[in-house]
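In the two complexes below, chain A is the common chain; its partner is chain B in one and chain C in the other.
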Partner chain A sequence: MMKKYSVINTPIHNIDGIAKITGRAEYAFDIKLPHMLYGKILRSPYPHAKILKINTKKAEGLTGVKAVVTGKDTLGIKQGIWRRFKELCDEEILARSKVRYIGEPVAAVAAVDEDTAEEALDLIEVEYESLPGVFGPLEAIKQGAPQLHEHAERNINVTRHIEWGDVDEGFKKADHVREDWFRCSSQHHVCMETHNAVASFTPDKKLTVWTSTQSHYYIQVLLSWVLGLRENDVRVISRYTGGGFGSKFELDSAQFCSSLLSMKLFKPVKIILTREEEFMATKRRTPMFYYLRTGVKKDGTFLAKEGRVFTEGGAYTSMGATALYLTGFFQAFPYVWPSYRYDGYRVYTNTAPTSAMRGFGAPQATFCAETQIDLIANDLGIDPIKIRRKNAMYPGYEVPGQATIQSCGLSQCLDKIEKWIKSQGKLPPNRGIGIAAYGFMSGGIFNWFDTPYAFSSAVIQVKIDGKVDLYIGSQDMGQGSNTTMTMICAEELGVQVEDIRLHMGDTESCPVDLGAWGSRETLMQGNAVKMAAAKAKQQIIEYAAAKLSPNIVYDLDIKDRWVHLIARPERGLSYYDVVKEAIRGKDGQPIIARGHYTPHRKGMISPAYSFGVQAVDAEVDPDTGKITLKNCVTAHDCGQVINPLGVKGQLEGAMAMAAGYGFTEDLPMDEGKILNPNLVDYKVLRATEMPETKVIEVETYEPEGPFGAKEAGEGLTNPTAGALGNAVFHATGLSIKNLPITPEKVLEALKEKKKEEKK
Partner chain B sequence: MIRDFVYSKAKTVKEALDLLEEHKENYKIICGGQSLLILMRQGLVAPANLIDIKSIEELSYINFKPKDGLKIGAATTHSDIEKSSSVKKHYPVLVSMEKNLASVQTRNWGTIGGNLAHGDPAGDPGPVFIALNATVKIANSERERSIPLEEFFIDYFETVLEDGELLLEVQFPVVPPRTATVYEKFNIIKNDQGIVSVAVSITMEKKGSSCKDARIVLGAAASIPIRAKKAEKLLIGQKLNNGLLEKIGKRASKEADPVADIHASEEYRRHLVEALTKRMVRKAWDQARKPAR
Partner chain C sequence: MKKEISFTLNGSEVTVTIDEHLCLIDILRGPLGQTGTNEGCREGECGACTVIVDGQAVNSCLYPAFEVEGKNVITIEGLQEPNNKLSVFQQAFVDHGAIQCGFCTPGMIMSAKALLDTNQNPTEDEIRDALLGNLCRCTGYVQIVEAVKQAAVQLKNKK
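Presenting the complex of A and B:
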């Protein structure tokens, strides 16, 4: 018997790892072109103001300055990624008449070097008329609050309603009802590579943009729209992306301003955002105020849930509308709720726009839901694992009107985590283990971007020496999708990883894929790659069959570069030999095949869902409130694992990011001004804060995924804040419903508790 | 953006002092650059002249003599102190303090003189050095002076250093017998600057079990590192018990004069002063009481 898979489920290092660690990987950051100029962006110091006048004369007069652009030099298009909904396209990028947040671009300069460009910014005179601002969603939605956009009364940007079952009836039947308010804070992506672009417009009216993005296709389309160019006169190149986490699939100020300047000058222009600009004026995780009312039976059976959320939208829509929907959907995850009602309001505020960030609304939902579940379990005296097991989603469950769950390993995950917790024995004082269950989508079904293309495509060419050129549209931003796609291609075609030469990150040579967001690549791009590889394989097999002339009842396959009869593996031919003959037989044409994937009739959200349970073991210092992470164990169902090393990397990265969200990271503001726009004051976890992490794979087979695979990208960021909060709860008896769970909040709660106890 | 400046590199202390004299008010000394460059990049400091003292060999040394104590040259790096065997043997608190100060990279570049001259109330060396009763030696082209480190800091990022003056050396007296000095900073991410820090030095009576001398120094709890002298007084001449420890903590917290920032409220800082003071006094007490090595 041959091994089931020869490539899949083998731990391999990222195929671009060596290029990266030896510094040879060329990021947009590294691009230098002849005659290249450097650009800088002038940004609004006001959270809300009218632009009365911009005088660029002095700046233009500075030696070394080549051009200055303002909103007047643009087509004035309000763009956005929700292209199907006009009112949700509300961001000009270079503001023409009004600024709505501190850091909003108002002008850009190109000069011979960065220092000159920056000096020129000081010489641009902008006359503003400051307007009253509004900074929180609960204030902004009030009647009479300052209004940001003419079309949005009470600053309501988007609303969302989700409902199934009879909620009121559910509450009537409930033995126990709980109501809680939660506040979920903001978070920054903190990509190692800040947003940047080099744009080069040439006299043949073609624009090439090297940039750091999660979706070169989106950037191509959006740029061509706002610049008035043909889609395919814009070429976007993004070979390496130094981190994305949701921050890099919208059109950004570096891409837009460098393009505008280059079009004016016919010279390449490079813009790199500083870390401070990155913090102040790129997108961030959506802060949310969450109200949850939940009704359960005495035995812990879930009956009804009602959720209401107000999200801080910031000045523009960005991807916030998606976050609003997903937080509502994942609020009911990963459990069976007979009835559920959700109302979400995204409210414009005079703060930096909030948008997509790893988990996309689900980490917020999971924090609130999982905190409340532990409170309910505590109220009823039920074990946290038991209450979750009782209500867990299962294979074949249908979320009414929303989604069908096919594979689901949640119960197995609960079993594994329960076993681990038991193995820990009795914990010392001030220690606690908290758990959180979660799930996530493997790519979104929504097409608000309105692409006429398939969601994902791939092209394969097999060359005479058996080398395979694989062209994909997906983007590797560190999550390892290049490696995953290479592995899927090699497995399906029956060759090895070294046989594949990958082509990606270039709109000119790569087929369309919507990009790396919503944890879509493994499933969607993976399916497209698998289809292309299968078709290429079929062509090779045809020739082998002719040569081997087996009885017609035999099937052929390729494995480990051996083309053979499945039932009689010893009867076969070398892959290399067959390929040569096949190409000769095709009148010298290489073997070419295409694959594509678009989900059809798969519900509203996603074709497949990952599941998992995480346990966080933490210690609380009762004198200072300080939390120390001790262990983090995650049982995770991502279907068939493609690259175990990749999953481990994703898990550890997600853990660091999500724990940061849970207890150290935040973006405090004063009247819309972010107070910690640097890496000294913004607290990202470092290696010293990382606990021991362990991942337990629970393998299921997902019929919709390539080889049964599902996502292992964002889902892993969902549980940690909740599990951490629950660990604090079990260590101290205190439930903190306001992220991040800082030592100061813990200490305050401890003091309150002591006061209560004295009474 | 860093504004243009004229760069000069001094090879000797004399050369440095002459350059300072020559450029009068219009200069900045740069040593490891770890703190200065941040300010320059943010445009908060824009000197016309930058005088580099990092290569002055005669400013980089660690000398220990059993009779005189320890002397550290101003341009000695944090890493050198962290790794010095004589420091480890005679002033172990300095090693543990350095190990938790910033990252390896910053410790490799940053110097002890630069740290003190920067005058950050959240700096680690300040409180620990004051607890060890350190003195600093300062010179200009005409004269030299020495002052207790306790009198060196004036306000946030302000010290007694005058134009033309260079910090040359930090001196630590011999540690009296039956003395223990301990330090802890409270932070959320290890090796970050402290949100509050406390250094405590306790010397026991030669015989018996009461406290002969005590120094309690608070970091990041006021505009400069400060001694909690009233709290010290509560301890001197006494034997430690839980009731007294509570009082000392409360008193130190009262003596602190912290401000609120994004990392902590004023109230929380006061609380931390109390918690850390109690912890450090207890720790120093237990160590000092142990029989001499």
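Presenting the complex of A and C:
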């Protein structure tokens, strides 16, 4: 018997690893072109103001300055990624008449070097008329609050309703009803490579942009739209991306301003955002105010849930509309709710726009839901594992009107975590273990971008020496999709990873893929690659069959570069030999095949869902409120693992980011001004602060995924804040419903508790 | 003010004319064309720009360029062995999947090297301490720490 897989589920080194560890990987950050100029962006110091006049004369007069552009130099198009909905395309990027957040671009300069460009910014005179601002969604939605956009009364940007079952009836039947309010904070992506772009416009009216992005296709389309160019006269190149996490698939100010300047000058212009600009003006996780009302039976059976959320939208829509839907959907995850009603309101505020970030609305939902479930379990005296097991989703479950769950390893995950908790024995005082269950999508089904193309495509060309050129449209921002796609291609075609040469990150040579967001690459791009490889294989097999002339009842396959009869693997031919002859036989044409994937009839959200349960063991110092993470164990179902080395890194990385969300990271503001726009005051977890982590793999087979695989890198951002909060609850009896869970909040709550006890 | 400085970069003597206000990273990435050293903040807080100057890991975004005069500078480009094999550090990072987006990686490797050059038997805590100044947003550090441990073992075996 041959092994089931020869490539899948073996730890394969990152195929970009050598380029990256030798310093050869060329990020857009590294691009330098002849005659290149450097750009800087002038940003609004006001959260809300009219632009009365901009005078650029002095700046233009500075030696070394080559051009200054303002909103007047643009086509004035309000763009957005929700292209199907005109009113949701609301961002000009270079504001013409009004600014709506601190950091909004108002002008850009190109000069011979960065220092000169910076100096020129000080010489641009902008006359503003300051307007009253509004900074939180609960204030902004009130009658009479300052209004940001003419079209949006009470600053309501998007609303979302989800409902199934009879909620009112559910509450009537409930033995226990709980109501809670939660506040979920913001978070910044903090990609190590800040947003940047080099744009080069040439006299043949073609624009080439090197940039750090999660979707070169989106950037191509959006740039061509706002610049009035033909889509395929814009070429976007992004070979390596230094982190994305949701921050890099909308059109950004570096891309837009460098392009505008280059079109004016016919010279390449490079713009790199500083870390401070990055914090102030490149979007962030959506803060949310959540109200949850939940009804259950005495034995813990879930009956009804009602959720209402007000999200701080910031000044523009960006990807926030998607976050509003997903947070509502994942609020009911991963459980069976006989009835559920959700109303979401995304509200414009005079703060930096909020958008997609790893987890995409689900970390907020999971924090609130999982905190409340522990409170309910506590009210009823039920074990936290038991209440979750009682209501857990299962394979084949249909979320009414929304989704069908195919593979689901949630109950196995609960078993594993229960076992681990038991193995820990009795904990010392002030220590607690909290759990949270979660799930996530494997790629979004929505097409608000309105692409006419398949969601993912791949092209394969097999050359005379058996080398395979694989062209994909997906983007590797560090999550390892280049390696994953190479492995899927090698497995399906029956060759090894070294036989594949990957081409990606360039709109000129790569087929369209929507990009690396919503955990879509493994499943969507993976299916496209698998289809292309299968078709290429079929062509090779046809030649082998002619050569081997077996009884036609036999099927052939290729494995490990051996083309053979499946029933009699010893009868076969070398892959290399067959390819050589096949190409001759095709009148000298290489073997070419295409594959594509678009989900059809897969519900509203995603073709497949990952599941997991996480346990966090934390210690709380009752004197200082300090929380120490001792241990973090996750049982995770991502279907068939493609690359164990990659999955491990994804899970650990997600956990670190999620722990930061739970207890250290936040973007406090004063009247729309972010108070900690630097890496000292914004606390990303460092190597010394990480707890021990352990990942337990629960394997399932996802029929919709390539080789049974599904999402692995994003879902794990969902549970940690909730699990951590529950750990604090079990350690101290305090439930903190306001993220992040800082020592100050713990101390405050402890004080309150003492006061209560005294009474 | 322009000034000419000479120093050893990855084993070779180099001489460059610099503006006095520039930092080491500017001349490495600029006139010397060594873009392997990355920049994540320019404030000494992320470690992406870490290089080794006379055996010490430093943030090249803060290190005044003129101060390297006569000193010995090692960057990620200088790590390969003479036969072009990867150094034990590089190999260990590849083996353990300690590379995701890769933007922090050169700096991480330089901090790890500076540690192991002076301490051949670091404990896990010492490794984590040595990497304290290097932010990684992708990995959660686990695979990086594993890689440094492997490099330590291999360096010892080599001796």
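Keep this in mind: the second predicted complex is superposed on the first by the 759 of 759 C-alpha atoms of A that agree within 3 Å, B and C clash if a C-alpha of one lies under 4 Å from a C-alpha of the other, contacts with A are read in each partner's own complex, and residues count from 1 in each chain.
In this section, a contact is a pair of C-beta atoms (placed from the backbone, for glycine too) under 8 Å apart; a residue touches a chain by one contact, two chains touch by 3 or more.
Owing to the predicted nature of the structure, the values given are computational and were not obtained by experimental measurement.
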| item | value |
| --- | --- |
| Partner chain in contact with A:P146 - chain B first, chain C second, else both or neither | neither |
| Which superposed partner A:K683 touches (first chain B, second chain C, both, neither) | first |
| Touched partner set for A:P45, first chain B, second chain C, both or neither | neither |
| Chain B versus chain C as contact partner of A:P668, first or second or both or neither | first |
| First (chain B), second (chain C), both or neither touched by A:P590 | neither |
| Partner contacting more residues of chain A (chain B vs chain C) | C |
| Residues of chain A contacting chain B in one complex and chain C in the other | 680, 684, 686, 688 |
| Residue numbers on chain A that touch chain B, as the complex places them | 114-115, 118-119, 623-624, 626, 663-664, 668, 675-676, 680-681, 683-686, 688-689, 742-744, 747 |
| Chain C-touching residues of chain A, taken from the complex the two chains share | 11, 13-14, 16-27, 29-30, 189-194, 240-245, 274-275, 477-480, 645-646, 648-649, 652-657, 678-680, 684, 686-688, 690, 693 |
| Residues of chain B that touch chain A when the two form their complex | 1, 186, 188-193, 262-265, 268, 271-272, 275-276, 278-279 |
| Touching residues (chain side chain C, partner chain A) in the complex | 29, 34-43, 45-46, 48, 75-77, 79-80, 86, 90, 93-106, 109, 125, 127-129, 131-132, 134-145 |
